[in-house]
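Please see the structure below; I have some questions.
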Amino acid sequence: MEGRELQAPVKASRMVMVTRVESFSAAHQLHSNCLNAEENKRIYGKCNNPNGHGHNYKVEVTVRGEVNPLTGMVINITELKEHMQEAIIKPLDHKNLDKDVPYFTNVVRGTRAGTQMTSNRHPALPGWGSVDF
Amino acid sequence: MEGRELQAPVKASRMVMVTRVESFSAAHQLHSNCLNAEENKRIYGKCNNPNGHGHNYKVEVTVRGEVNPLTGMVINITELKEHMQEAIIKPLDHKNLDKDVPYFTNVVRGTRAGTQMTSNRHPALPGWGSVDF
Amino acid sequence: MEGRELQAPVKASRMVMVTRVESFSAAHQLHSNCLNAEENKRIYGKCNNPNGHGHNYKVEVTVRGEVNPLTGMVINITELKEHMQEAIIKPLDHKNLDKDVPYFTNVVRGTRAGTQMTSNRHPALPGWGSVDF
Amino acid sequence: MEGRELQAPVKASRMVMVTRVESFSAAHQLHSNCLNAEENKRIYGKCNNPNGHGHNYKVEVTVRGEVNPLTGMVINITELKEHMQEAIIKPLDHKNLDKDVPYFTNVVRGTRAGTQMTSNRHPALPGWGSVDF
Amino acid sequence: MEGRELQAPVKASRMVMVTRVESFSAAHQLHSNCLNAEENKRIYGKCNNPNGHGHNYKVEVTVRGEVNPLTGMVINITELKEHMQEAIIKPLDHKNLDKDVPYFTNVVRGTRAGTQMTSNRHPALPGWGSVDF
Amino acid sequence: MEGRELQAPVKASRMVMVTRVESFSAAHQLHSNCLNAEENKRIYGKCNNPNGHGHNYKVEVTVRGEVNPLTGMVINITELKEHMQEAIIKPLDHKNLDKDVPYFTNVVRGTRAGTQMTSNRHPALPGWGSVDF
């Protein structure tokens, strides 16, 4: 969407939020290396099952920005889908979050994916709106 | 619900179906021991990820039977919940279907849980309605 | 939808099922006059609460019939909505099923509405498709 | 999934149904060329709006067949998705059903897509299970 | 809800938000008159299909205000429904947003309805709570 | 979850919100003792039906707090479930809100449960996150 012809003659002043929802399926185990076996069992219960379990996850990404008066959009939701695919779905979908995803091996194992993702800023997102996930 | 006082004076003639939905979360891997590694990868794709993935599952159990004229019910759905807990949820919830559930170790590993459950008749269900799951 | 001009020149031969879903909200109490207080409490549990409780209900009505080649419809779903309003929603919505609905006062009180409705044939439905609810 | 190594040594005897749900978005207008303007307005109401309206549609395709004992599947749901993409989603998604889809120009215009699709057998589906949509 | 008898003796101090969800079905086309045909195709993709497509839309309207101590309500949700019918559903439901809705002919055609509605203040709403849509 | 071994060596600095959804079923009647019969009927309409009606309710409780670096959690959602059971579900589920719940007898009868619950702080919740419902 770059190019001279896409520059709006007048800067838009309306701020809008656009949310896209994608989903993925993954396995994980709630387990903290800072706790002993008994504590892990007591705190995480059935979620501490050694062989893991799994879920379907929904991820909502919200982009906030000014409406581009030329396109009427804050962000092209097709473009947003591609960013979400690259940054979230491909690395997490049909994976074992504890064993297959490097990001989670450096934090307390078993911390919920949805939580951890909040600090993973994606560098590919365009400048007029930034997304944390 | 047994006992003399619960015998209806007149046998009910209306057949009704009652469905209850429960859910569980589990990990699994689609993998067939009858196929080699390459075939497993080609057929199951990302579902063949060696470390597994997972889902939330919904299980619907339908009981068909005559309405008990004394209670107005085919089956007490609280009782049905207990049977589903015993026969489905406890053995499968927050488990790794391939590693933690003996039933699935004797079949083609990775065959979908929902499918395999259809032949697991639960002996505890009362006589006036039988349930396959 | 009656009238000469709506008679199709050739009888349609394809059978189709059309389902419409409506909803209503009502209070009720599970209670059988054939049982004593203790039995009612034991069998229906919290659903036997003397002051009642309530639910949102969904009602699905399926019409099966031949496609009218002139209109392409088995039944006009707007027309179906009106029949469901008349036969189901008006008498049940925002009512106490046990106290406000004559139909339920003649059966075991507390028998589930969804069940009881299955024998209530609505006389207003057109001849080419009949609906039981 | 063809090839000698995928032939099961023993024929499976269990019949299973697998359902996949896909969705598409399309515009249409309820309008019958067999009726005059007034009749069209009376029968279809707001759905007869000359400039059309639109919906999100859900399509369920159910495949019934014997379980392949080698793969544990009736049909690979990834393969089923491809067939649905080819036969349903590509020709209908983000289209005007009345103007962009040849199939619907030969029937009563405005007949619902969900209905019409029931007679469109897809030739690409494998032999052990056939799908009508 | 006007009238002397509805004035609460003591001003309520609790602020509450009430949200109502309604839905409508409409056709539209993503297209910007500021862009040429090739750019429109590149940016909007299948959403730029010349004959349009459509969706089911959900609209959430949130009213924030003090609880009226006499009625226990911020706004009567039946009244809110009427405002939403008048301001949103009637002008948009079963319409072609680009061709049938004057509001959208003065903005970039194809800009999403949900976005554009955010600046359409409805004059009929009562004074103690204002709604933007 | 108290105890020396659960004290993180370094205070966490990331604030996270965790939301849990539970549901209950209850009967109620919209009725204000400050209004006469005619006004009650006019304002609340069918919701003023003397014998009551009912709904399924969903309750969302959001806990905001710092992530405990030892457990990776703001609050154990199993623990949160217990608090919601004690403070919300047990007193309200399968009850008549007007007749069975003391909290509602001291406010305008018929005011919506969801609204009234916003000021009911639960004393059992731990100090690092407080919940209003």
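Labels for the chains are A, B, C, D, E and F, by order of writing; each one numbers its residues from 1.
Everything that follows uses one rule, which is that contacts are C-beta pairs under 8 Å (C-beta built on N, C-alpha and C of every residue); 3 or more make two chains touch, one makes a residue touch a chain.
Only a predicted model underlies this, so the values are computations on that prediction, with no experimental measurement involved.
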- Message: What are the mutual neighbours of subunit C and subunit E in this structure?
- Response: D, F
- Specify the chain most distant from subunit C by Cα centroid. A
- Task: Please state whether the interface between subunit E and subunit F is built from the same residues or different ones, using more than half shared residue numbers as the mark of same.
- Result: different
- Item | Pair in E-F, A-B or C-F that repeats A-E, with over half of contact pairs matching by residue number | E-F
- Where centres are the averaged C-alpha coordinates, which chain has the largest centre distance to subunit F? D
- Whole-Å gap between the CA centroids of subunit B and subunit D: 29
- In whole angstrom, how far does the Cα centroid of subunit B sit from the Cα centroid of subunit F? 33
- Query: Residue numbers in subunit D touching 2 or more other chains?
  - Reply: none
- Query: What is the complete set of touching chain pairs?
  - Reply: A-B, A-E, A-F, B-C, B-D, C-D, C-F, D-E, E-F
- Message: If we count contacts the way the header does, which residues on subunit A are in touch with subunit B in the complex?
- Response: 25-28, 46-47, 49, 51-56, 93-96, 99-100
- Message: Per the contact definition, I'd like the list of subunit D residues that touch subunit B in the complex.
- Response: 1, 5-6, 14, 16, 18, 67, 69-73, 76, 78
- Note on the structure: Residue positions on subunit B within touch of subunit D in the complex are 32, 34-35, 39, 43, 45, 107-108, 110-112, 115, 118-119
